[in-house]
Amino acid sequence: MRTKVFLCECGGNISENLDLKALKKALASSGVEVLRHPFLCSPEGQAFFEARILPGEAVLVGACSPHLHGPTFKTLSKKLRVRAFHMVALREEAAWIGKEGAYQRALRLLKGALSALPYYQAPDLKEFPITKALLIIGGGIAGLSAALKASEKELPVYLVEREAFLGGKAVFLDRLYPRLECASCLVSPRLSALSHQKNIRLYTLSRVLQVGGRPGAYEVTLEERPRYVDPERCHGCGECLRVCPVNPPALTMDPPHPVPRAPVIHAARCLHFKGEGCSRCKEVCSRKAIRFEENPRLHRLKVGGIIVATGFKPYPVEKIPYYGYKRLPGVITLWDLEKAFCQKEALRGFDGGPPRKVAVVHCAGSRDRRHLSYCSEICCGLALKAGILLRERLSAEVYHFYLDLRLKSPEGEALLRRAKEEGLRFIRGQVAEISEVPLRPEDEGRLTLLAENTLQPGQKVWAVDLVVLVPGFVPEGGSEEVASLLGLCPDRFGFFSPREEKTAPVETLRKGIWIAGAASGPKDLSESVLSGEAAALEALLFLEKSAFLADTEWVDWEEERCGRCWLCVEVCPFKALRVSPKGLKVEEALCCGCGLCASACPSGALRIKPFPRQAYLQTLEALANAP
Amino acid sequence: MKILYYPGCSSEHLARDLYLSIETLASSLGVELEVLSDWNCCGAREIEEAPEGVGLFLAARNLALAQGEELLVACSLCFHNLKRAQDLLRKEAGFRARIAELLKEEGLELSLKTPQILPLTEFLARLDLSKFRSAGFRGLPVAVYYGCFLSRPCPTDLEALEKALSAVGYPVVPTTLKSHCCGGHLPRTDSPVIKNLCQRLIFEAHQKGATGLAVACPVCKLNLEIYGGPSFPVRYFTQYLGLALGLSPSWLGLPEEE
Amino acid sequence: MEPGLLLEDILQKLAEEGYQISKRTFLYYVQLGLLPKGKRKGQKKGGVKFYYPTWTLERLKAILELKKKGLKLKEIQERLPKKAPSPPLPKTFSQAERLKDCNACGICGAICPVYEEMDLPPWRLIQAWEEVPDSLPSANTPWVCVGCYLCETRCPQEIPIVEFLRFLRREGLPPGRRWRKHPEWSRIFWSLLEERGRSFDFGAVHAYQIRVLGPAEDQRLLLRLPGPEGEKEVTAPSKIKGLPALKRALERARGWK
Amino acid sequence: MKIAVHNLLSCGGCDPVFFLEELPEFFSQAEVVFWSKVKDEEPKILKKFPDQGIEIGFLCGAIKSAGQEEMAQVFRKKCRMVVAVGACALWGGIPGLLWAWGEGPRPVSSFISPELCIPGCPPEGPTWAACLQGLLSGQPPKPSEEPVCIECPRNRRPFRLSSFRRFPETDPEIPECYLSLGVFCAGAVTQKGCGARCLKAGYPCLGCYGPPAGLSARGERLLSALVSALVPQKASQALTRWTDPIGSLYRFDLATHPLLRKRSCQRSA
Amino acid sequence: MPPKIIGFLCEWCAARALENLAFHRPELPPGFQPLRINCTGSLELEVVTKALAQAEGVLVAGCPSGECHFKEGNLRAGLHLEALRRVLSALGEDPRRLKVLWLSAGEGERLGEEIWKFYRELSHEDRGS
C-alpha cells in the first residue's frame, strides 16, 4: 500500500526549527515516499499535492493545525479518492513548542501517524431529505408568534397546545409591564390572526406521545383529549355556560379572548358523565355542537423540525408552609391577582371585606436554597405593576416587601417613580412569616406579617388584609416528559439549555429542534415573542432546503463481537442508538461521531471509523520504539 | 419493657411535677424506667458561653455511661444538648480524640455506637396508648406546643403529641405556632418581649377553642405560666395523659382541685 | 494522670483490629525512629514502664498499611510526617466561607423572637464580620440570642447563624467585651455543677431573688417566684459519685483553646 | 503416541486426570511417559528422551520459580507439541494476583510458545475434546470472537446504573443481565466456549476463558463499560464505595498487565 | 533521563489551547508529546494504561464542564479516569502519574504552566523512587 507523506515548510515556520531533510531520511522506507514543499497550502502547493497523489494511496500531511487547512486537504484527497488521509499539526505540536527536543517530537509524531494511517477511515457525506412541515409544542405567546411567522412562508405548521385554549399565561394578563397598556390589545390580535391563517393546523387539549424518525423527517404521534364540543359548529354564544347546574360550572370558556371559540366540558365535574343523565347544555345548544360520545383521538404527523415552546409556570408557593398560601384566606399569588383583574372578580381580604391594606411580597420562594435558588429577574416589574393597579383600583395602602428591585427596560425606572408618586411604600426586607395569629393585640382580624426593614431598623411587624405573593419562574410541568421524548437535556434548573447560550440561543444540540419562549429560561412577553420569531426563522432556514448534508456512518458495528448487552444505547448522549431485531440500529442523522459508545462497549464491537482505538494503540507502539 | 432514662437536673426542682407525672405514667403503662446511673448535668444553656470542650465533655460522660440501645430524655433542652454533642463527636475526630483523653480519667470509653437519644414525646407516641384509656373519658379540647428544641435543629416527630393525646381521648386543636419560641432563657434580661411571645401562643390556643396547652419542656411551661396570661391552664402533656388514664391529680404533681 | 498508652495496650488494640506485630518489631521501629520513644515512668510497686503518646497507635497502623503495600521501611520513613501533631481546635470561624452568601435580606432579624432586645440583628454582625473580621461593633446580640434556631431554619441561604453567634460568644469577641445580665446566676450554676455534678438550671428562672444558704456541701436555696406563691425553699441537686474525676476533666476542658 | 504431563505453579485442577472419562479415545492410544501427579518420578527421566521425542506435552499452571522455568524449557525441547492448559498457563490465572503485592508468577506463554492453548479454569470437557481433536488434525482451534453473552440465558435491555453491586447483594432469581444490576460480570470481555455454565447456574461470569480474539486490556474495557453506564449524579458516590478493583477486573490476567510487566522488567533489568 | 509525558489533548478545547500557546513559541519540556483525540470521552482506558506503561506521566486535557462539544464527553472521561486512578493505586502504581485537566481553548498559558508543573513533579518523583 503506497503511502505519501507531505511535509510543509510553512515558509520557514516549520523548517527553521526542524531539520526536514533528516526527517525525510528517517521516515523514508519501503512503500513510504516523503515530499517537501515550502507552502503546501498555497495554490501551487495544492497543485503540487494533487499532482503527486495516485488514487488508492494513503496520504499523511505534516503541516499546520487541521483546524486551519484541514478542510482544504480533506476535500482534495476525497476528490482524488485517496484510501486513507490524516493530517498532523507539525507546526503547533512539534516545531513551535520548544526548540530542544523539537526534532524527536516531530519524528515521534510522524512515525506514530504513519503506523496508524491504515486504520483511519473517513465517514462519508450523505444527503437527508427534509419534510416541509413544522411542529410547535406549546401554544403560549412564544409558540403563537413562531407559528404566525412560520406560516407566512406557506409552511404547514402544526400547533399543539395541552390546555383547552391558546394564549398560555399571556391571555390572562390584564395590564402589561412597563407602560401598563392593556394586554388584550396586544395578545388578542395575535390570537385572531391565527384563525385566518389557513396553513396552521391547531390541536388543543393534546400532547405529544411519541417522537420517532430523524431530523428532517420526524414521525410524531399526538394524543388529543376530548373537548365534547365541536369547535366548527359552535360560535361561542355561551348559552350552555349559563344553563349548567354545577357550580363551578362543568362547561368553561374562561380566557377573555378564547381561541378556539368553543367551551370545554370537564368530565370530572359534569353530571352527564357522573351518570345522572343531565344534558341541559345539549338541549339548549341551537347549533347541536355538544357531543358527549367523543373519545380521545391519536394523530400521526410527519414533520421536518420541531419548536419547543412549553413555557413556564410560577413556583408553587404552597411549598412554603410559613407563607400560608392555600391555607390562609387573603393570601394569593400575583397570577391569581392578574386573573381576578382580568375577569373583573372582586378581591376579598382576610376578613372577607374589601382589602384596605395590601402587602406585595417580592421573591416569594426565590433566591432561597430550599426553594428556588435563582432570581427570575422580571417578577419585580410585574409586582410593581400589580401594586400600582391595586392602589388605583382599590385605593388600598400598598406595601412592597423587596430584596432588590430589578426593573428591566428603560421604562422601568419611570414606573418606579410613578409608584412612589401614588404613595406605594417600599420596605427593603424579605418577609419571614405570614400568620393569622396577631403579635400585637390591635392586629386581630388582620394577617400579621413579619419583615424587618433593613434600611431603617425598628418596625418589623405589619398587619395587612391581603398578601400578594410574587413567585419566581420554573419550567412548565411536563417539560421533563418533552425533554426525554426529544432527547434534550434540561439544565440543573429544568430549563432547556440552548446549543450555545450567547451565539445560538434558540438552537439545541439536536439538529432540527429549536427552543422558544420561557422554556429556555424566565422571559417577559417581549423576549418570548422575540425568541419565538427567532426560532421560526431558524426553522424556516432549515426547512427551506430540500435536504441537508451530514457526515454519516461514523460508527462501525461488528455484529459477531457484540454481546447484545445494549449498554451503549443508554450511553449515547444523542440517543442515536436503538435496539432492533437485526441488532444495533445507528440513527444516521443523529450520530455525530463522539465515540462515547465505542469507549463504553465492553466487547469492543463498536469502532469509530475516523478515530479507531487501533490507531491510538499503533501510535503509542511507534512512540515506544522511537528514540 | 425496660428503657434507660435520663431525668435531667430540672427533675429535682423546677420540673418536679413533670418528673412525678412521668414516674406514675410509666408505672401505669408497665414501662420500667432504669435511671442512668451517676448521670451528670447536661449543661443547660450555660455551656453556650463556655468553651466547646466543656459542653462536649458533659454530654460525652453521659453517653459513655449509657450502655444501651436507647436513652429516654424528658426535658427537650437536655435532648438538644445530648443530641448536638453526639452528632459533633461523630463528625469531628479531633474532638473525639480529646474527649477520649478526658474520659480516661474515670476509666470511661466513648464508643462510636452511642445510644439513640429518644425524646419523651416520640417514646409515648410509639406506645399504643388507646388501650390504656379509661372507659368513657372525654377530654376537653387541648392545643399542643413543642417549643424550639424538639423542632430544631435536630427535628423530632412533630405529630407525636397529637397522636398520643388523641389516642387517649383529647380532641387536639391544630395550631400554627406549635414550634415557635416561648422566649427561653430571655427572662434573664427581664425584657418585656417575652410577654408578647407567650401571650401570642396562648391567644392562638384560646382563639382556636382549646381549653389548655400541653407542653413538653419545663422552660416553656414556666414562661407560659407566668407571662402567658393568668387564666389559661398550661400543663405537661404527661399530666394530661395521666388524667386520661384515670390517675389521681396529686400523683401527677397537679393541685388538688383538678 | 497516666501520660499515654502502654506497649501491651497498643499491641492488644492492634490485635483487635487484625494486625499481628511482635513486641520486638515494635521496639525495632522505635529504634529506627519510625515510632516515638516511650516516656519512662517509675511505678509505685517498683520497676519502670514506658508510656507511648496516644497518636503512636494511629502511626503504627499507617506503617503496617504501607508495609502491606510492599513498600520498604526506608520508603515508609519518607512518606510518614515526622511527628503527628494532635488535631488543633478551630481558631477562626470554621464556616466563614458560608457567611459570604448573606444577602442581608433581614429574615433572621424578622423571625427572631428576641429581636427587640438585640442592639443589632444577626445579619448586621455577619455583614460587619465580612467587612473586617475583628472589628465587630460592641453588640449584646451574641448574649441575648436564646439559641432557638428559628433564624437558621428560615435563612434562605442556610447560613449557620446560631453557630456563628456561638463562635462570637466563645472566641470571636475579645474577652473585655463580655456582656452579661445577672452574672451571679452563671456563677451559682457552675459552682453547683462543680460541687455536685448536677446543677440548677437558672435558664428559665425569672428575675426573682435567689438566696443561697449554707456552705457548699449542704446548700439550701431560697427562690421567690414572681407569681403568688412567694418564697419557696428548694433542695439543692443531689451529688454524683464520679465527682473528683468530673471536676478535673472540666478544668482541662475549660483550658481548650 | 507418547504424552507427558506436568503441573507447574497450579492448583492441579486443569490436570487431564480429571478429564479421562471425557476423552476416552485420546487417552486410550496415549502412552504416558511422564505424569508427576499420577506417578511420582524424577523429572530427570525426561532428559533421556531424544529431542521432540514426546508427541504432546501438557503444561498446566504458571511459572514462578527457576525450576518451573527450566521444566518448561525441557518440555519445549523434548515435546513436539506443547499444550498450555488453563488460565494460569495462558495469562497467570488466580496465582497471578500475587502481582498486586510484588513479583508474581508469569504465564507459560511468556517463556516458550506452545502450539495449543486451552483456555478455562479449568477448561470444560467439550473444550478439551475440541482442542485435542483440532491438535491431532493439524489445525488447532483459534479463540472465538464472540463473547460469552451469546450463550448467556439472561435477558437484556438498555439500562443505566446508580451504583455497583457485588454478587451477594443481587437476587439471582431476577433473570436480568448482571451488568444491568451493576455487577462486574466479565461475560462481555470473555470468549464463548464454556457454554456459559456459571451464568446458567445463576452466577456472574468471572472471565476464566480469557479474551475473545483480538480484544486486549479486558479489565479496562469492563471498567469503562460499567462506569459509562453509571448515572452521572450518582457516579462519584458509586466509585468511592467500589471495592476490590483488582479482583473484579483482573481476576485471571493480572500477570499480563502492561504496567506490572513494566515494573517487573525494571526490577530485573 | 528526563521524564516522558504523553498528553492526550481534546480536539475542540485542549488542542486549540496548545495552538494558541504555540503562537508565543513557548519552551515546553522535551519529553512532552501531544496526541490529538476527538473527545476525552472517547479515550479508552486501554490506551491510557498503555501510555502509562511507556511514559512517566500521562496528561489528559479536555473541555471545561458543560462546554463539551459532544455535551457530556468530558463528564464521562472524568469518571473513567477517576475509576482508573483507583485501579492504579490498587496496583501499587502512583496515581499522580495520571493528571487530568479541564481547560478552554483560550487558556494556553495555563496549559503550559500545568505541563511544566507536571514535569517538575515527575522529575522529583524520579529522583525520589
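A, B, C, D and E are the chain letters, set down in written order, and residue numbers restart from 1 in every chain.
By our rule, contacts are C-beta pairs under 8 Å (C-beta built on N, C-alpha and C of every residue); 3 or more make two chains touch, one makes a residue touch a chain.
On a predicted model such as this, the values are computed, not experimentally measured, just so you know.
Peer 1: Steps needed, at minimum, to get from subunit A to subunit D via touching chains?
Peer 2: When the steps are counted carefully, the minimum from subunit A to subunit D is 1.
Peer 1: What is the set of chains touching both subunit A and subunit B?
Peer 2: Expected: C.
Peer 1: Quick one: which chain's Cα centre is the longest way from subunit C's?
Peer 2: Farthest by centroid: D.
Peer 1: Farthest chain from subunit E, going by the mean of C-alpha atoms per chain?
Peer 2: In terms of C-alpha centroids, the chain at the greatest distance from subunit E is B.
Peer 1: Looking only at C-beta pair counts, which chain-chain interface has the most contacts?
Peer 2: By number of C-beta pairs in contact, the leading chain pair is B-C.
Peer 1: Report the inter-chain centroid distance for subunit B and subunit C in whole angstrom, where each centroid is the mean of the CA atoms.
Peer 2: Averaging C-alpha atoms per chain gives centres 24 Å apart.
Peer 1: For subunit B and subunit E, let me know how many angstrom lie between their CA-based centres, rounded off.
Peer 2: The separation of the two C-alpha centroids amounts to 59 Å.
Peer 1: Averaging only over C-alpha atoms, locate the centres of subunit A and subunit E and give their separation in whole Å.
Peer 2: Chain centres of subunit A and subunit E, defined by C-alpha means, are spaced 34 Å apart.
Peer 1: Where in subunit E do residues touch two or more other chains at once?
Peer 2: As it turns out, subunit E has residues touching two or more other chains at 44-46, 50, 54, 72, 76, 80, 92.
Peer 1: Two or more other chains in contact with one residue: find those residues in subunit C.
Peer 2: Within subunit C, the residues that touch at least two other chains are 69-70, 115.
Peer 1: So which stretches of subunit B touch two or more other chains?
Peer 2: In subunit B, no residue touches two or more other chains.
Peer 1: Could you pull out which subunit B residues touch subunit C in their complex?
Peer 2: Residues of subunit B touching subunit C: 9-10, 12-14, 38-41, 43-46, 48-54, 56-58, 61, 77, 93-94, 97-98, 100-106, 148, 152-153, 180-181, 183-191, 193, 197, 218-219, 222-223, 225-226.
Peer 1: Within the complex, which stretch of subunit E touches subunit A?
Peer 2: Against subunit A, subunit E makes touches at 6, 15-16, 18-19, 21-23, 25-39, 41-47, 50-51, 54, 69-73, 76, 80.
Peer 1: Considering the complex alone, what residue numbers of subunit C touch subunit B?
Peer 2: Against subunit B, subunit C makes touches at 1-2, 54, 86-89, 113-117, 143-144, 146-150, 152-153, 162, 166, 169-170, 181-182, 185-186, 189-190, 193, 197-207, 221, 225-227, 234-235, 237-238, 240-242, 245-246, 248-250, 252-254, 256-257.
Peer 1: Quick check: in the complex, which residue numbers of subunit B touch subunit A?
Peer 2: My answer: residues 176-177, 196, 200, 203-204, 207.
Peer 1: Name, in rising order, each residue of subunit A that touches subunit E in their complex.
Peer 2: Touching subunit E from subunit A are residues 65-67, 89, 91-93, 96-101, 104-105, 108-109, 112, 489, 509, 571, 573-574, 592-596, 598-600, 608, 610-611, 613, 616-617, 619-620, 623-624.
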